[in-house]
Each structure stands twice: as C-alpha cells, then as structure tokens.
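Naming follows writing order (A, B, C and D), and every chain is counted from residue 1.
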Amino acid sequence: MTQLPIIEMRGITKSFPGVKALCGVSFAAYPGEVHALAGENGAGKSTLMKVLSGVYLPNDGAIVVAGKERHFKHPLDAIEAGISVIYQEFSLLPERTVAENIFLGREPTRCGIVDRRAMETEARRVVALFGEAQHIEPDALVADLDVASQQLVEIAKAVSLDAKVIVMDEPTAALNETECEALFALVEMLKKRGTAIVYITHRMREITKLADRVTVLKDGWTAASYDHVPTPDTIVHAMVGRDIGDYYAEPATAQEIGALVLSVRNAGNDQLKNISFDIKAGEIVGFAGLQGAGRVALARALFGAAPFTKGEVTLAGQSARFQSPREAIRAGVGLLPGDRKGEALVLMQSVSDNGMLTARALSNLAGHDKATRFASTTSMDALLRQVDVRAGNFSQEIKSLSGGNQQKTIVARWLSLDPKLLIFIEPTRGIDVNAKAGIYHLMRELARKGAAIMMVSSDLPEVLGTADRVLVMRLGELAGEFARGATEAQIMLAATGEKVGAA
Amino acid sequence: MRRLITATLAAALLASTAQAQQLNFDDPVEFDKQRQQLTAKANGPEGEPWVQYYGDAIVDTAKFKKDGPYTVCFSNAGVNNAWRVTGWTNMQAEVKLHPEIKELIHVDAEGSDDKQIADIDDLLNGGKCSVLIVSPNTTAALTPAVEKACGVLPVIVFDRGVNTKCPVTFIHPVGGYGFGIQAGEFVAANAPAGANVLLLRIIPGVDVLETRASAAKRIFKEKGLNVIGEEFTEGDNAKTKSIVEDYLAKGSLDAIWMDAGATAVAALEAFEDAGKPLPIITGEDQQDFLQKWKAEGFKAIAPTYPTYQWRTPIIAAVKVLRGDPVPGPEWVMPQPAITAENLDQYVNDKMPPLHHAMCGCEKLPDYPAAWGGK
Amino acid sequence: MTQPASMRNIAPARRRLQQINPVYFVLAVLIVAIAVSNPSFVEPTGYMNFLKRAAPLAILAAGQIYVIVSGGFDLSVGSLITLTVVGSSMLLNNNADATWWVILVMYVIGALVGLINGLVVSYLRVPSLIATLGMMITLNGVAFMWSSGSPRGYLPETFRYFGRVNIQGVPLIQFLPVALIALVMVGATFYWLMHRTNFGRMLHAIGDNPRAAKMSGVPVERVRVLAFMVSAFSAVTAGILLGGFAGVSTDVGIGYELQAITATVIGGAQLLGGRGSVPASIAGALTLTAIFTLLNFVGLPKPTRDVVQGVILIAAVVLATYRRNRTGT
Amino acid sequence: MSSFARYRAAWRLERYAPALLLGIALLIYIAMALGLGQTRFLTPEAAVSILNRSIALGMTAVGQTFAILVGSIDLSVAHLISASAVVSSAIMDGNPAMMLPAAFAALALGAVVGTLNGLLITKLEVNPLIATLGMSLVIQGCLASFYGSFKGSVPDEFQIFAYGNLLGLPISLLVLVMLTLLAWLVLRFTRFGSNVYSVGGNRDTARAAGIKTARIVIASHVICSLYAALAGLYLASRLKSGSPWIGAEGAYDLESIAVVVIGGTILSGGKGGIWGTVAGVIIFSLIDSIFNLAGVDAFAKQVMRGIIIVAAVAFYAVRSKRMAA
C-alpha cells in the first residue's frame, strides 16, 4: 500500500494506578482496509481503542489523523476527526428509543428543532442495510430489545455516523451465524466505501475472512504486526506467547472424580427450560454457548440470584432450589460473577475486606470482624498469599489492584468457605495471561480438593482446555454434552444449531 | 471572566439596593402614641379587655346587617407556635358562646403568604362565608387579597394588619412600641446606669418585633444602659441557652431584654447552670416563665401580646352581621403587662408550660381542658 | 509491585500523617482559635459547656454516618428529635416517676421509625432521600397532632438530668456534664459497631456496591434496616439530651438533619456510601459547633454564619475529592 | 433470541403512571365534592383556582425537572426564589419604569447561581446535594445580611402578573402554561433536550457519544435556577413586595423535588418528563383542596402528605429492578 493511513497511533502509553495497560503501542488504519486487532482479554485492545476514541488521555504517544497530530481531550474530538467506536460493553441508553440512541448527541435539527422524522428515516435506512431479517422499529425502546438487537443498534450508530474509521470491538460476540454473515457483508460494503475498519476479535475465522492486516497485542505491548494475514497458528502463538499445552492445567483423572454433588432435573424459569444435568466432586464442567443462550441465567438460577421456578435441584443430596444467594452460599455454593466490578468487588474497601466479605456476611452481625466463624484476618492473609494475590499490603484498597489480583481475591473469598460447588462466570475476563494460567490452576486445585466446579465462559479455547466435560446451551436449553477432546467446530454447531466452519 | 463580571455586578446590585432600602421601625410619633395608650383608660366593661377599646372612633355596619345563622370564615396565618395555639383555642371557644354562628370555616395557611392568598381566594369562591376574619401572615403580602375580599363581604383583620383601610375593623393591642416600652422601662428602672443588657431577639425583619426592639433601645439609650449584644435566637431554646452561656463566659450580664418571651426560661437556666445569680429579665405571659418567676422571685416583667385578642374578631363579626356599630377602623385594645404585683393572678400550675396566661379564657366553655390544662 | 515509586519513598511518619483525617487538624486549629479569642474557654466551664452543647449533634452525626455509609440519607432525624421532646413532655407531664418508661417508649418509637424507613427503602425501593423526606413531614405532623400544636406537659428534672446536669466535684475538671458521658458512651458503642463488627463491614459493603454485597451473601435488606434504626436511635438520644438541655419547645429538631449530614461530610464521609468513620463524624460535629462558637465569639452575625457554613461544606467535599484523586485511591 | 424479532414500541405502565395517579386524585376530589354536596367546587372557576394555587411551585418544579433529569438535584431553589423576589422588588420599589431592569436582574441572579451550582458539580466534582445545599446557605446568608425584611414594593403594573386576567384566565396561569410548554418543547424537540436525557441516563455513555456533559449539566442548572428566579418574580408580584423568607416558607426546595418524583421522574436521572411534573403539581394542589374540603387540620394534612409522597414514589419504584439506597 502506498496510501497514507487515515489514523496512526504512535508509541501510545497508558497507565492506571497500579497497572500499566499500554506500553508504546503503535497502530495504523488505512482507508478501505480491515485491520484486525487481536489479543487475549486484557491485552490492552480495549484500552487502546479508548485512547483512540478520546475516552482516555494517553500518558505518552501521539495520534496522527490525516497527517496532523491531534490530541483528543474529549470523545467529541475523536468523533469530529471521523473516528467511531462500537464498544464491547454497550453504550446504549435503555430508556431511549432506537433512533434516539443512533443519533445520541448529534440529533439532526431543523431550525433548532430535532427532526424526528429525519431521525427515524435515517435509522430505518441504516437498519435496512443489515438485511430484511433484521427489522427494528426506530421508536422501540432499547430496553425492550434483546442483546443481539442492541448490538445491531450499536453498529447502526457507527454506520450512520459515516465515520472514516470504525472500530468494532468483538462485534460478533452476541450474533448468530446469519447475523454474522450480514455483519461481514456490511464490513465489505464499508470497505468499498473507503472506510477504515479496526476489527477487534480473537476469532481466527473472522480474521482470515475479513482482515487485510493484523496487529497482535499482548500484555499492553505490540506482540506482532503483519501487513498481511498470517496463519491462525502464527497469530495464536503471538497472542498467547507460549504453547497451549502448559497453559491449562491437567484434566481430572478418573480417580479424582468423586460423588455426585449437584443434580438438576427438569428445572426452569422464564429464561430456562427443562434443564437436567449433574456435576460430581472433583469435576470441572464447562458451559458453552452464545451470549444470551442461558448459561449465565443458569448459573444465577443455581445461585438463587434469579431462582428456578420449577424442577428439582439437589446439592449433596439436599434439596437446593435456592431463593437467594445468601441461601445458596449457606448451603455451600459459591459464584464468581463475570461482571467483577459490578457484582463481586466492593472497590473502596481493602483487599482483606473483600476477601473476608462472605465469611463476615455469614457470621453473627455483632460478632468480631477480625475473627469470624469461617475465617480470621490472619487466615485470610494466608489464603490471599496462597492464591498469590500480589499487593503492597492487604489493607490497601482493592481498586488499585490489577484484574487478575482482584479475581484471585474473590477466589480466596470463596476458598475460606470451603464450598461444595463453585461457579465461575467468565473467570478470566480482563485478566492478563500469566494470571489466567494461575486461575486455571487454582480451579483445578479446588476440584482436586473435592469441589464441583461449573465454569461458564465465552472463550471457547478456555472451555476446551479447562473443562473435563462441556455442556452446550442454546435458547435456554441444554443442547449437547461433550467429553474432553471435543473440537470448537462441534461445540459451535451445537451452540448455533447450524452448520458452522469455526476456526 | 465574563461570568466573574456578572457575579460581581449581581453582588453590587444586591448591596446597592440594600443600602437604598431601610424601612423605618423607629417612629417617634408612633412611639409616643403607644406610650400614652399604655396608661390611658380604655372604653368598655372593666375586666373584659377583649371588648375594650381606646378612642371613640366607631364604624357603622348597618349595611352588613344580615339574618342568621352565620357562617364565619377564618383565614389563619398558621397555628405554628404556642401563642397562636392558645389564641386559636380561644377563638373556637368564643364561637360556642354565639348560637347564631352555624359554622366556623377555618383554613390554615401553614405560615405561607402564598398559600394564605390562595386560601382567601378559595373562601371567596366557596360563597358560603357571611364574614371573613383574616389573621395575615405578613402585612404587605396579604393586602391585595384582603382588598379583593372587601369588595365581596365584610372583612375583619386582627393581630398583624394590612396596608388598606378597607376592612370593617382592624383589631390589635396597643402594639410593638408599647411592648418594648413596658419591658424597656422596667429594665431601665431596675438596672443601675451602665448595666450590661443583652437583647435577645427572635429573627430580624419582622415589623412588630423590630418596633419592640427599637422602643427598648431608645429607652436604654436615654437611661445610659450598656447594650452589650443583640442576638437572634430563632425562638429556639437550645440556641438561646447557648448564646447566654457564651455571654456569661465572656463577662457579666445584669439584664436580659427579650422581644418575645418564648425562650425566657432557657435564658434563665443558662444563669442557673453557670451558678450565677438570676438577672433582671423581661419575658412574656407563658406559664413556664410565670411559674419560674413565682418560684425563684427574680426581678422580672412580662409584657404581653394578649391572646384574648383572638376572641374579639368573633365578637366583632357577630356585631357586624347584626348591623351593630363596632370600634373601627382600628380597634385598639389594652395590652397589660404582668408584674410582680399581679403575678399571682396569672400563675396556674394546672396549665401547660407554653400556655399564654393573658388569654381571658378562664370563663370560656371547656376551660381548662381545651387549653390542655387539668 | 503495584505501588507507585513515589509512595514507597515517603517516610513512614509522614505517610501516617497523611492518612490522618484532616478534620482532626481543622478541629484542633479551631479549638486553639477559640481559646485565643476567648481565654476563659480553657477553663472547665468553657470547654465543658462547649462539649455539652455539641453532644446532641455529635451523637446525631455518629448515627447518621451509619445511613450515609450504607449509601443513603436520613432526613427524618430532625423531626424525630422534635417528636421525642414533644412526646416525652406529653407522656411525662412533670411526673418524675414516669421518666424511665417514657424514655423506653421513645426508644421504641424511634426503633419503629427506623424500621419503617429501612423497610420502605429496602422493599418498596423508594430512594432514601424521598422515603426519609416523607417520614420527616409525617413525624412533624404527628408531633403537632399529638400535642395539638403546643406541648402540654413539663419535662421533670429526672428527664432533664441527661441533657442539663453537670456532675460536680470531679477531680481535675471540676465537673462533668452527663451529656458528655452520654456522648462518650454512644460514641464508643457506635465506634465498636461500625469499625469492629461484621455489621460495620457489611454496612460499608452495601454502601460501596449493593449488588456485589448481595451476590456475596450479605443480608442487604437487614443491614440497611439496621442502619436506619441506629440513626433513629441516635435521634431519640439527641432528642432526650436537647429536651434536657433546653426544655420543651415545638421546633427543637428543625435543621438538625442537614447539620448532621454536614458534620459527616466534614468528617470525610463519602456520600452515596462505602466510606465513613464514626469518630471523624463526631469530630465533624464538634468542628461545626466550634465554627459556630468561634463566629459567635468573634461577633459575626448569623447571616455570615450561614455563608461560612455553606462555604465550609463545599470546601470539605472539594478537599476530600482532591485528596482521593491525588492519592489515586 | 437467535433471530431479531420485530420490535415495536411496547406499551409501558410507567409512561401512564403519573396520569393514573392524577386520575385517582381527581376521582377522590370529585367524589368528595359530590359527597359533601359542594358541586360549586366542580366548576371551571374552581379548577382554575386549584391550578392557581401552585403557580410558584409549578414554575420551580418544571425547572427542578431539568436538574433531576440530568442526574443532579437542586436544593438552592427555595432561597433563590427569596433572593429573586427581594432583589426585583427592591429594584422596582414601586417604580413601573424599573420593571424590566428588575426582572432582568432577578434572571441574571438566577443565571449566576445556576452557573455556580453547575460549575461546582462538574468542575469541582462536588456531590450535587452538597453543592446546592452549600449554595443555599450562602444565598440565605447574603440575603439576610443585605435585606432583613420586606424590601421595596412592586408597582401595580407588575402585579398584573399575579392578579391580572386574560381571556378569562389568570395571566400567571397562562405564563406557567407557556413556561411548561417551553420546557416540554426544549426537552422533547431540541438536541439539548435529548442530551439532558442522555447525560442523566448515563454520563459516561453520553460523553463517549461526544456530548459535552459538563455543559449540559451546567445548562440544566441554569435553567432550573432561571425558573426559580421566575417563581420569585411571580411571588414578588403576588405579595406586592419581596420577603427574604418567602422561598423557605413555601419549602419550595423539598416540595419541588417531591412533586418531580411523584410525577415519575426518577431521582437518578434520565427518565421522566415535564408532563409527569405537571401531574405531580396538580396532584399536590388537589391534595390541598381535598384536605380543605374535608376540613382536615394542618397537622393531619402534614402526616397524610408525607405518606402520600412515599406511597407515590413507591408506586413507581417497587416495579423497577434497581436497588434503592
């Protein structure tokens, strides 16, 4: 290519208290090209894009747009420079309509009056680009849409901006096959118009299919950068930095699998139907499926956060249809939520307090906080050290710890209670590679000690590498069961109910 | 920068208009008039000050003559303090003495001018009222509403006035200067020249309280007393006590002058708790103060703003509706002070602490139960 | 490993100094200023009167901080104070023998008020600002209804003992106000409950992140209800002290809710929950009282006091935000 | 979930809840009037008089809606109302020629206060409750030290604002209707209005979409303060002069907040609207009228009011999945 890049990021460095998220990363996007940005969770992809979109100010480095150095102090600067980002975590306002969300902050006006008709016409036009199957009324409230439709609104927002650069952060995570194809067609169309697309994914198939260049990030560094599309193996190697083999822990041996711990029969609620499965002590059971397939709903139902309304559940022989997390915890169930900041951490409190939280919650309210029935601060310190939480001291606020150390603290929280069943949801989301391996080994260690482990993850290689058995969910039901050694293709097939050529 | 300039301008505006506007609460003519009234002989039956009046201005009310039974409407500023509670009880009891009154419709403005204006509007729209009694929340604010009512039916105003002569009569005791004079002269007569006097006030800006203070200050100045402070208590016991404690910590206090006596006992307790002898003090006719006065025997006077004035509007209303003449357009009634000599007449330990003794209610129906007494 | 280099190099002593809540320094400076402007303050009558006067607000702040840490507000405390004083006077009617059971009844009423506040916030999901605003209006009405507008009984000396009496003949300090003993006892109990028990930790957790607390097994509703009950308990206590200090009146409690919240904010509490300390809130209350006392001694009129209170309130929050941003926590 | 359903705007109870509450209040009122045989309380004149009760509260609440929608709150309106009333009446001082300058000064004061509130909240990151509470104390203090009592007086020409009639309707009511319509137009039809909802809904999302969130918050506070200043002008006209306690006396700070949330605008922002607030104001007036009709005394009225505020908000809140604190 002889063309000039539309945008170029040079030597971007960004650090947060306690974490260095990006270290001298460079990146460029050319018109009419798809530049794939690959990397593990926590490699810095999202942070890089937030710098590009003006959400974060970089500590060092430069952004050059059309040959001119720019400093984005506010997202508006980036938008004006023609950069549009579709974030992984949705940035939609649930209480507003589809059209209002698409035109958030840039509503068309006529004589100062918002031109609702123009808004709805344009929204209709953009949504129509996705094909006949995807029909969303512009005046529907976003809160009334399902996850996939919301994703579509996100994309529509960027498309309607007519941006020079569109960043898509794992856009297919919630889409089914047909929707994916429509998206790919859309990407091709945008390419033809001369838009530069930054496509963040860790799905090799999408890279192979769409990308013109590939950059791989790892732990905040540029691990590799290619002006062509290399083989998936090369990319994976650059992403992971070592062989998959020793990355995951050893599977369970036949002897290690013990008595039945959890048994679910014909259970269901408004999101789940007819669920039946078992988990034995010492076993890690992975749950795969598309976003919205009911895996998280199942975990929350077991944990009593969104209880089952029918069916039977037993835990170690006892009836176990819990109505609240507290009830579940008392009976020996633990859960590590996927939304760590939202559902697990109390950010202003210390590492130690976060570890002690559940032990204290189950103890006498008037009891001494340093020595509860389940753990004392001393035993918690030992646990935290055992799971290898790295902090200056355990009385510092947990806010300043990295994602991996935060997650390990939550593991220690549950360890102190010796749970019979431990549910991990997206256990390695936003965690760096080394910490990931640590979490995998911790899970295995727990299983060896006799816990039954349920793991819900959208990271298919992770599920395949960690679980002893994989259950696949689709549309709120169990759609298949696979022993260790299944391929991604088999699982995707079960998850989508369609023929898939997964990487 | 532009914002800064705007802000400065606004502040300057505030300050300059403030300078230009100082209402006059120190009127020597009114001062002398009220001083005379305090010692003048009132017309009307002895021992019933609620029907007594000064002067001989009488208004003819024949044009309001109407057959009974009557519906009396009363727009009340509020019953938000003990004085008004005693008064309101008086008024209700007075109504029971008049069988020709079929109904007393009472609307409570809860201390809000805005609401009282709306209330009067409602009463007029209701069309049931034979006569309207108004106890205005503030003088200026209620004037337009009262003017409007005058066009429709006879209006009687009492307690605070309005800036219009349209009501049939405006019933009130001698006034703020009179109160200030009684209290001020007592302190001046009993304290040695140069004595330290602390003025305890409720809040600034209320006309009747301002005139009390200006009268007292005029007297203190004449006598050469040393006013060492003028503090606002917001009628709060705790604040009053704290303020007095602070003054006692700083130096000696010989006398306390109060523009309203509600917190007099708290002021005295500050002396007690500090182990200091009780000062010369001016209070009001609240029972707790009178009882303490009787028990401790300190030098005190209790000028009153008598709650018996709440009986008068009902009496006047009935007269007006019958077409009988009433004192007016101002009905100024006596404003006695309680002194050591007549204290025993008013002390009554069967009555609740915040009961106002100058209520003229002892012979009214349901006394003392309705007033909370035993 | 995650500590920035600059933090490591600070001498331990200085670091500890930085960790001390600035409210204590501010309070110390104010006390010195008062003592300078009015030398008699250093005598027992001076500072004991000060503490006695500050005790109700300090107790109230120590209770309010429970609700603040749990992520809410309690605006109903002022009215509850009024209700306590008015209700006690109605029930007691100068009958000294009834003191103890009347106090008990008042605490039961307080517990009920806290319980209702907590239940409304927890189960009806009404924001505490609105729930306790409604309670404030309601209780005020109840107090007036009960007394038909003006309280009809005296408070006997046995009741007023707690707020008024100084125990004489105490060595060193000559005398000791009972209110101060009450403050120390309540302060110590509240300190223990907030900073030494599981309850206190749960309180921080639900204010910090209620969803995470729920998912971690914290009985969120129960803890929240208890927080409102503690606050109501402190309001009844403050009411007993204020009634004792100054006797019967109908508007004792007015404005105390905002003063209590102000005190906790000056004490560095995080509004909307997760951070706050009982001793610092008490210090905040003392600071507020000290400011008023100082302005009084200096002879500034009330309007100026309002302005100063407003400015200090905003400044305290700005300072706390600035400190937090700077230390990166 | 694997294919896109055809989504249309769904019918939602919340949207009609304020109207429902208003309907209930209206029914009670009518039932009481009929029951007591007081049918003259059901005439158009009576309706106008009910609405006329709450002009000042209405103006303040419409402004407060902006502050709450944007995710903030304003406790300084009560004292700002007093300040506006006093300053304008002091400047007019009975002189009709000074009417415009006085109104301008009051509005300028409102703009300054609103800007300061907004700056404190956005630039110094002070919690809006504390920022506006502090501001409220400062205004109160300034007011009391400059003006002790009623100041100035309003010329008769200016009193037309509060007492005049046009086409058989009170001018003040017409002004309130116009101000309400204006607020509705701004919120519904301008980009700024959309931005208010966006910033209130989620400040980070709004920022990421390129909205200058600080400006929106400041502007919302300026609007809130301007409406309060207008309420002050109205009260000056109604009371013939400005009193420094008129705002606090009417408890316009807490009442306006109560009215807004009764109207279904959620305290955390981003959801609700002007018509809900209007419903809330009318509900409050109706409650007043119902109590007056029934002859309930002021104290019992207070008790009921407190309960009604909580019950109305619970009516909305109990269905939402949000955890309250």
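Just so it is clear, a residue touches a chain if its C-beta (ideal position, glycine included) is under 8 Å from a C-beta of that chain, and two chains touch if they have at least 3 such contacts.
These figures come from a predicted structure and were not determined experimentally.
A.B. asks: If I count C-beta pairs in contact for every pair of chains, which pair wins?
C.D. replies: Looking at every pair of chains, the most contacts join C-D.
A.B. asks: Could you give the separation in Å between the centres of chain A and chain B, each centre being the mean of its C-alpha atoms?
C.D. replies: Measuring from centre to centre gives 72 Å for this pair.
A.B. asks: Determine the centre-to-centre distance between chain A and chain D, using the mean Cα coordinates as centres, and give it in whole Å.
C.D. replies: It comes to 43 Å between the two C-alpha centres.
A.B. asks: Return the distance between the CA-based centres of chain C and chain D, expressed in whole Å.
C.D. replies: 31
A.B. asks: Could you state the distance in Å from the CA-based centre of chain B to that of chain C?
C.D. replies: Result: the chain centres lie 36 Å from each other.
A.B. asks: Of all the residues in chain B, which ones touch at least 2 other chains?
C.D. replies: 79 - these are the residues of chain B that touch more than one other chain.
A.B. asks: Considering chain C alone, which of its residues make contact with at least two other chains?
C.D. replies: If we look for residues of chain C contacting two or more partner chains, we find 148-149, 211, 214, 301-302.
A.B. asks: Would you mind listing the residues of chain D that make contact with two or more other chains?
C.D. replies: 142, 144, 297-298
A.B. asks: Tell me the shape of the graph of touching chains, choosing from line, ring, star, complete and other.
C.D. replies: If you draw each chain as a dot and join those that touch, the picture is no line, ring, star or complete graph.
A.B. asks: Let me make sure I understand the interfaces: which chain pairs count as touching?
C.D. replies: Result for touching pairs of chains: A-C, A-D, B-C, B-D, C-D.
A.B. asks: Under the definition above, what is the set of chain A residues touching chain D in their complex?
C.D. replies: 53, 55, 74-76, 78-80, 85, 87, 91-98, 100, 103-107, 109, 112-114, 116, 133-137, 139-141, 144-149, 152, 176, 178-179, 290, 292-293, 474-475, 496-497
A.B. asks: Would you mind writing out the residues of chain B in touch with chain D in their complex?
C.D. replies: Of all residues in chain B, those touching chain D are 3, 6-7, 9-11, 13-15, 17-18, 20-21, 23, 78-79, 105-108, 110-115, 117-119, 121-122, 125-127, 138, 140-141, 143-144, 204-207, 210.
A.B. asks: State the interface residues of chain B toward chain C in the complex, per the touch definition above.
C.D. replies: Interface residues on chain B, with respect to chain C: 79-82, 84-86, 88, 232, 235-238, 240-243, 245-246, 249-250, 262-263, 265-266, 269, 273-274, 288, 352-355, 372.
A.B. asks: Touching residues of chain C toward chain A in the complex: what are they?
C.D. replies: Listed in rising order, the residues of chain C that touch chain A are 1-4, 7, 193, 196-202, 204-205, 208-209, 211-219, 222-223, 226, 270, 274-275, 328-329.
A.B. asks: With touch defined as at the start, can you tell me which chain A residues reach chain C in the complex?
C.D. replies: 17-19, 303, 305, 325-326, 329-330, 335, 337, 342-349, 353, 356-358, 360-370, 372, 390-392, 396-397, 399-402, 405, 413
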